[in-house]
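Each structure below appears as structure tokens.
You will see chain A twice below: alongside chain B first, and alongside chain C after that.
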Partner chain A sequence: MNSMTSPSFSGDPVAPLRREWTRHTPGQRLSRFAVWLCCVAAVVWAVRSIDIIPEFLADAPEQMADLLIRMWPPNVAHYYPEVHHALIETLHIATLGTLFCFVLAVPLALMAARNVCTIRPLNVAAQFSLVASRSVNSLVWALLFVAIFGPGAAAGVFAIAFRSVGFVGKLLSEALEETSHGPREALRAAGASWGAEMLKGVWPQVQPAFWGIALFHWDINVRESAVLGLVGAGGIGLVLDDAINFFQWDRVSIVLLAILAVVLVAEVIVTRLRSRLL
Partner chain B sequence: MSATLTAAAPTANNLGNALEIRGLVKEYAAGKPVLKGIDLSVAAEGITAIIGPSGTGKSTLLRCINRLVEPTRGEIRLRGTELTGLRGKELRLARRRIGMVFQEYNLVERLTVMENVLSGRLGYVPLWRAWLRKYPEADIQRAFMLLDAVGLPEHATRRADALSGGQRQRVGIARALMQRPEILLADEPTSSLDPRTAVEVLELLARLTAAENVPVIINIHNVELAKRYARRIVGMSGGSVIFDGPPEDLRTHHLQAIYGGEDWL
Partner chain C sequence: MSATSAPPSSADAARRVAFAPNWPMRLALLALAAYAVWASSQLGLSWGRLAHGLGEGGQLLGRMVPPNFERWGLLLEGLLESLQIAVLASAVGIALSLPLGVLAARNLSPWWISGPVRAVIAVCRSLHYVIVAILFVKAIGFGALAGTAALVVASIGFIAKLFAEAIEEISMKQVEAIRATGAGVMKVLAYAVLPQVASRFIGFCLYQLDSNLRNSTLVGIVGAGGIGGTLFAAFKRFDYDFVAAILLAIIALIFLAEIISGRVRAALR
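Right after this comes the complex of A and B.
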């Protein structure tokens, strides 16, 4: 905001004509200072309240080195079949979870986008369910679904799906809201039905965003589903959990390497596909 | 072509009126009408140009006709069909009889030129055909014919966002004519184009609509172009029609009344 004040007359004949310009008014300056003060206070308070035990902190490098030594060399023989099958299961969980998430996210996104669905209560309801989905961590979703379906991949798929719905739905509804109104208006003027308007006026506009979001989320879900096994929802996390519980650090390292390899491959695939599709 | 159009101007139309507007009022905010009771009859042929300053309701008037904007009061009849009360399917059936060309072209950028032209048929073809891109053969042939007519035969498979402004507006005209409309509404169709392209596009619009016997209502800022191509000029100011007559009757004092002031003339 600009503030202009006319300085008092001080003998200079042009002084009344001279105008001052400052970026902030004194009030704004004061409130900006207050925000900074709050930030500093928050950091100080945070550091004081987390109870870092100094001995453990000093010990950490040594412990880490010890762990790495125990992890090396990775137990390659352990990879097949146990880790391999778990890895494939993880990929299945991620893929099915992503597909299922889109089944839920597309209708919710259409309902949440204010330029598509003009019924305000539906907008709010859809946005609320998207936020609700995001507010629960995938591990928590997994715990819930393990309680429902019992341990295994099914719980993992649902956990991934219900977690992703929130993000995918929000990104899709934002993409929908960013579409330009002109083409839709033109099709409406030509007598197109709502469906035709969506199909020919809106879908072509959100298509790149849609595929981008789909690929990006599959990539995220591959990583997410790797830890779901920690709570019994299937996949490679289960193997990782076992290895850690039995202090088999050479097995832990092979599992971590396998996950790293899969994430890298997923990254390459997604990047390639994105550049093709967009 | 323009010469014959203007020469034909004084002859009374013998086809009856395509459009009858009676007492049209539009209030975006209650008590503040943008259109203050418009009465307008549009003949079944030729170009009617609406001129007037920005914000005077020209665009609103056009959009009330195909109900992109909801009129507050009044009657609009398209060859006997009352448009103001229509809802749902009836409204869509009426809209497909009215073509529209937009200032910003409003093409679907990521679709090909051909699909943009064919989308003029979306009021006619069932959704599954549009989805599978299985448009009726007759529509495809007409689309090719129109692309030839607007001078873009070799651009059918290019994406709309690869075209220049003038080319896009030609596609917009082809799309509107694809509907086989009974009337064409053109909302500032040349305002985004350079002067030469603007003339070419208007020339094309005049030629094609004359060939297909489609009457045109065009909102236009360029008074010279309006006089050149229209057989009738409607001058609007402050939400009312204050001039209505053939271009040769439009005098300086009319323009002063329409646009206000005189320094610019």
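Right after this comes the complex of A and C.
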């Protein structure tokens, strides 16, 4: 993309060498400038109209230091049994939620993949429900399910499942759409039923993607399930909420450390399993 | 495999099964099913409870329909505040992530810098943004500023890591060439590193803006500003028809953002 000042071929033989090169055409420069202007305008608008209370901002470092001092040292006495059991419950919620999410996501993904299900309205319906599931945050799902099942781990499991269906279903249907048609055709020619075609023709092709998605989402769900308790959906978030409401900051810090440890361990496990499985 | 070594005898061929059963997989699935049953009993999930819940769910849906858009002023105010939080958090988060990403890249900075920076990024990523928002609400007080700060932390944890990974994958030849001309650190960054990663950076930034928008609709639940506060208040007062209106508005906003960022990404490609 370059423009130059009018090249003249008459007279001076080195005139073409004195062309002035620029990287962008004026139009491009204008559009780049417009994009930057939009970005800056958005930020300025946000800064000017957001509620910032200067007094709060001024004593923020002081408050932060106060918070950290109250949190230190973490009180280990609070760990067993309460935090420990809550942690186990969180892991159960994450794992069961992931399992249940796959129960819902596999049929939806089969319906959404255009090469598996050839009925257009079903494709669109499945895609729409996946988008809706993705757009509602896990805590909002948790609020809804707390209203349905009452406070407790059941609401947490369903919230995790309904939230991850959107992501898992989208990824799975993309993996399904990338499969090659050959094995299926061969099986069909040999007289295989639809189930056998899926199991022996499609499943081996999507299997690596499937395990990758499952591990990745289990890891995400462990993080997510740690906060579900804030709205009453069970797990360690409940203990955290309690501790914060009672201003027991040394208990808060032990809960935070426990969450941090579990999240890091889950990440390590997932990385290990992934490198062994895939 | 017998096919590659010796030609199989006819008896061998007869014994071979077309699709051999995969016993380890079957056992693993069985174990998973057993775990699911055991864990559900631990959490107190039972069919009776599910059936009861379904009835309650029907009632809840009945109270949510039709959505009530009467208080649209409140709704719009919350949505705009969420949008502001997302824009501001993305801008500050990206601005902070650029230097952190360069410092965390192991091919550009020495290990005694990249190690600690990587640790900071890992901690930012490990703590859920709602938990960070609670801590900031305590430190800075209620309001949009706490939510913005929490999302800045989350953005750093996410894009600084991606920035660092992208920088680690660049070709070092251009860096060497620019260095050989006697350029300083900033010039090496500007002329050798950034041109190689700029397009991927823009992709990450768009993705982060998208996910900040999703998350900013939520931080209000812990008092950190945005539509989440309105949603939580409506929930607590059992205004389920207003809840439905808010949820529909959030879904529409996020859907719109997804479409716009998809368009921009397609235009960049």
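Operating definition for what follows: the second predicted complex is superposed on the first by the 231 of 278 C-alpha atoms of A that agree within 3 Å, B and C clash if a C-alpha of one lies under 4 Å from a C-alpha of the other, contacts with A are read in each partner's own complex, and residues count from 1 in each chain.
In this section, a contact is a pair of C-beta atoms (placed from the backbone, for glycine too) under 8 Å apart; a residue touches a chain by one contact, two chains touch by 3 or more.
Because the structure is predicted, anything quoted here is derived from the model rather than measured.
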item: Touching partner for A:Pro204 - first (chain B), second (chain C), both, neither; value: first
item: Broader residue contact with chain A after superposition on the shared chain, chain B or chain C; value: C
item: Which superposed partner A:Gln63 touches (first chain B, second chain C, both, neither); value: second
item: Contacts of A:Thr118 with chain B and chain C, given as first, second, both or neither; value: neither
item: First (chain B), second (chain C), both or neither touched by A:Val231; value: second
item: Which of chain B and chain C A:Ser275 touches, first, second, both or neither; value: neither
item: Which superposed partner A:Asn245 touches (first chain B, second chain C, both, neither); value: neither
item: First (chain B), second (chain C), both or neither touched by A:Arg223; value: second
item: Contacts of A:Arg188 with chain B and chain C, given as first, second, both or neither; value: first
item: Which of chain B and chain C A:Phe149 touches, first, second, both or neither; value: second
item: Set of chain A residues, in rising order, touched by both chain B and chain C; value: 200
item: Parts of chain C lying in touch with chain A, wherever the complex brings them together; value: 19, 32, 35-36, 39-40, 42-45, 49-50, 53, 56-57, 60, 80-81, 83-85, 87-88, 91, 122-123, 126-128, 130-131, 134-135, 138-141, 143-145, 148, 214-215, 217-218, 221-222, 225, 231-232, 235, 240, 247, 250-251, 254-255, 258
item: Complex interface listing, chain A residues touching chain B; value: 182-183, 185-193, 195-197, 199-201, 204-205, 207-208
item: Residues of chain A that touch chain C when the two form their complex; value: 39, 42-43, 45-47, 49-53, 56-57, 60, 63-64, 67, 89, 92-93, 95-96, 99, 131-132, 134-137, 139-140, 143-144, 147-149, 152-154, 157, 200, 223-224, 226-227, 230-231, 234, 240, 244, 256, 259-260, 263-264
item: Interface residues, chain B side, partner chain A - complex; value: 66, 68, 92-100, 102, 104-111, 115, 119-124, 127, 130-131, 172, 175-176, 179
